[in-house]
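Okay, got some structures for you below.
What follows is subunit A paired twice: with subunit B in the first complex and subunit C in the second.
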Partner chain A sequence: MSVIGLIRMGDNTLVLGQRVSEWCGHSPALEEDIALANTALDLIGQTQLWLGLAAEREGKGRTADTLAYHRDAWDFRNLLLVEQPNRDFGMTMMRQFLFDSWHLEALTALAKHDHAEISAIAQKSVKEVTYHRERSSDTVIALGDGTEESHARMQSALDRLWPYVGEMFTTDDDDLIDMAALRPAFDAYVGDVLAEATLTRPESDFAHLGGKTGARHTEHLGHMLATMQVLPRSYPDATW
Partner chain B sequence: MVTTRPSVQDVWTWLAAVPDPEIPVISLIDLGIIRDVQWQGDTLEVTVTPTYSGCPATSIINIEIEAALRVNGIENLSLKRQIAPPWTTDWMSDAGKAKLESYGIAPPQPAGGPERCPHCQSTHVEKISQFGSTPCKAQWRCTNCLEPFDYFKCI
Partner chain C sequence: MTKEWPLWEVFIRGQHGLSHRHVGSLHATDAAHAIQNARDVYTRRKEGVSIWVVPAADITASSPDDKESLYDPADDKVYRHPTFFDIPDDVGAM
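Let's turn to the complex of A and B:
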């Protein structure tokens, strides 16, 4: 069991959970605010499981909290997609939709993993992420096939985020499963939703890389971590 | 060695009196999150499964289990977290579902939405949002009496 593979799963949910929680109190409607906060909560819960297992397997006395709060950007192994800023609500929901579509395929495969602990976390997460994908798909369809303005914003979000899709399907020995094998199911699902949303999938499959290997994160991650980590780093002895 | 350990059945009865911190009308047993109670030597081991992985009530629930058992004289207690098989609303008791409805929360249905409005029993209901005030609930509305209500998500 690769510790890096576990950290990748946990960093994705941690970084996206933090990003989504930035909306708390700022969403366009109360129901959306609650939905985003609930999604963030699920993702942070999953983070505790993944990073908790990673810390235990690593055996260096670290915990999920140490991994979350006391690593710098270059030690994070999340996908570049999840660290992208929220920008507008359409961009946030498109990012969520692309991530959920990959996440659900990945967790479904991980639920059959030989390691019982990995399988258990994935089985638990599948239930929550099924819900996330349903909601983000519905929102992408409603806004894509909505007004002229909402359609234009969703197409612009798709065009801007598509170069971050390819990284989800790059794979190496540290991954817990073969991520490349998930692409056909992802393409089929995303294709159906985009068609219903009257959105056009970009032609180029050019992909920005470097998040999951840690080689090169975008500038946005460091800013996000500065906010997320300031309290435990400034007051290392602080407890709840 | 002869010890006076309470029976496992007594422990289940005590836990049935511990309310869910978010929805106090149902107990932890009604919710189906207590998966096992057994003695390991002199230590009572209680196996608890979380409803949602990030549910903040989980830590409160553990504190309340501990408090309820301490009051009943349990000294050596071990709380075990079990995440597989994952919690499902199928484990909620029928009594719990009935209590939810009379409290104003539509109980989970395999069809994926509430069967009827918990206020006026009308079957004319519509979804407002897939998410609600806690991770386990969604927001629905009755198109007859026009009241919004919580629906306990079926997972």
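Let's turn to the complex of A and C:
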């Protein structure tokens, strides 16, 4: 079992959970605010399991908290997609939809993993992410097939985020499963939702790479980590 | 035209509840969205096993002005309460 593979799963949910939590108190409607906060908390909960197992397997005395709060940007192994800024609500929901669509396929495959601990985490997460995908899909459809303004914003979000889709399906020996094998199911599902949302899938499959290998994160990750990590780094003994 | 989403009344049946109970209201674009919002707003602490949502506009309510004629006549009709029967403890909730 690859520690890097576990860290990749945990860093995805950690970084996206932090990003989504930035909406808390700012969402366009009270109901959306609570829904997004619930999603963020689900993702942070999953992070505790993935990074907890990674720290245990690594055997260097680190914990999930150490991994989350005391690593720098170049040590993170999350996908570039999840570190992209929230920008407007449409961009946030499009990012969520693309991630959820990959995440659910990945977790469904991981639920059948030979290692009992990995499959247990995946089986628990799959229930939460099934709901995440349902909610983000419905929002993409509602806004894509909505007003002229909302349609334009969703198409622009899709065009902007599509270059970050390809990285989700790159794969190497550190991955817990073959990520490339998930692509056909992802394409089928995303294609159906985009069609219903009257959105046009970009033609180019150019992909920005470097997040999951740690080779080159975007400039946004460091800024986000500064906010996320400042308290435990400034006050190492702080307790809740 | 208002930009606010329509209002929905939410009813939840609890883990051991016998019937759905009104828990509050929320805004949503349609029924499916209302169910999702109810799930997020009202069941995040395992409050329920079933959700009903009803458009608030479809509820017909009695008028507070009719309070006297609707309810006061029951005041002096104590015989309508089944307080004269002994109910065995085993019966449980009635």
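Note that the second predicted complex is superposed on the first by the 240 of 240 C-alpha atoms of A that agree within 3 Å, B and C clash if a C-alpha of one lies under 4 Å from a C-alpha of the other, contacts with A are read in each partner's own complex, and residues count from 1 in each chain.
Following the convention adopted for this analysis, contacts are C-beta pairs under 8 Å (C-beta built on N, C-alpha and C of every residue); 3 or more make two chains touch, one makes a residue touch a chain.
Bear in mind the structure is a predicted one, so any value in this text is a computation, not a measurement.
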item: Partners on subunit A (subunit B, subunit C) - clash or fit; value: clash
item: Touching partner for A:Ser125 - first (subunit B), second (subunit C), both, neither; value: first
item: Touching partner for A:Glu134 - first (subunit B), second (subunit C), both, neither; value: both
item: Which partner reaches more residues of subunit A (counting touched residues only), subunit B or subunit C; value: B
item: Touching partner for A:Ala116 - first (subunit B), second (subunit C), both, neither; value: first
item: Partner chain(s) touched by A:Gly45 [first = subunit B, second = subunit C, both, neither]; value: first
item: First (subunit B), second (subunit C), both or neither touched by A:Ala142; value: second
item: First (subunit B), second (subunit C), both or neither touched by A:Ala35; value: both
item: Which of subunit B and subunit C A:Asn86 touches, first, second, both or neither; value: neither
item: Overlap of subunit C and subunit B interfaces on subunit A (superposed complexes); value: 31, 34-35, 38, 131, 134-135, 138
item: Contact set on subunit C toward subunit A in their complex; value: 5, 26-29, 32-33, 36-37, 39-41, 44
item: Residue numbers on subunit A that touch subunit B, as the complex places them; value: 31-32, 34-35, 38-39, 41-46, 48-49, 116, 119-121, 123-128, 131, 134-135, 138
item: Footprint of subunit C on subunit A - complex, ascending; value: 29-31, 34-35, 38, 131, 134-135, 138, 142
item: Contact footprint of subunit A on subunit B as seen in their complex; value: 50, 52-56, 83-86, 88, 128-133, 135, 139, 153, 155
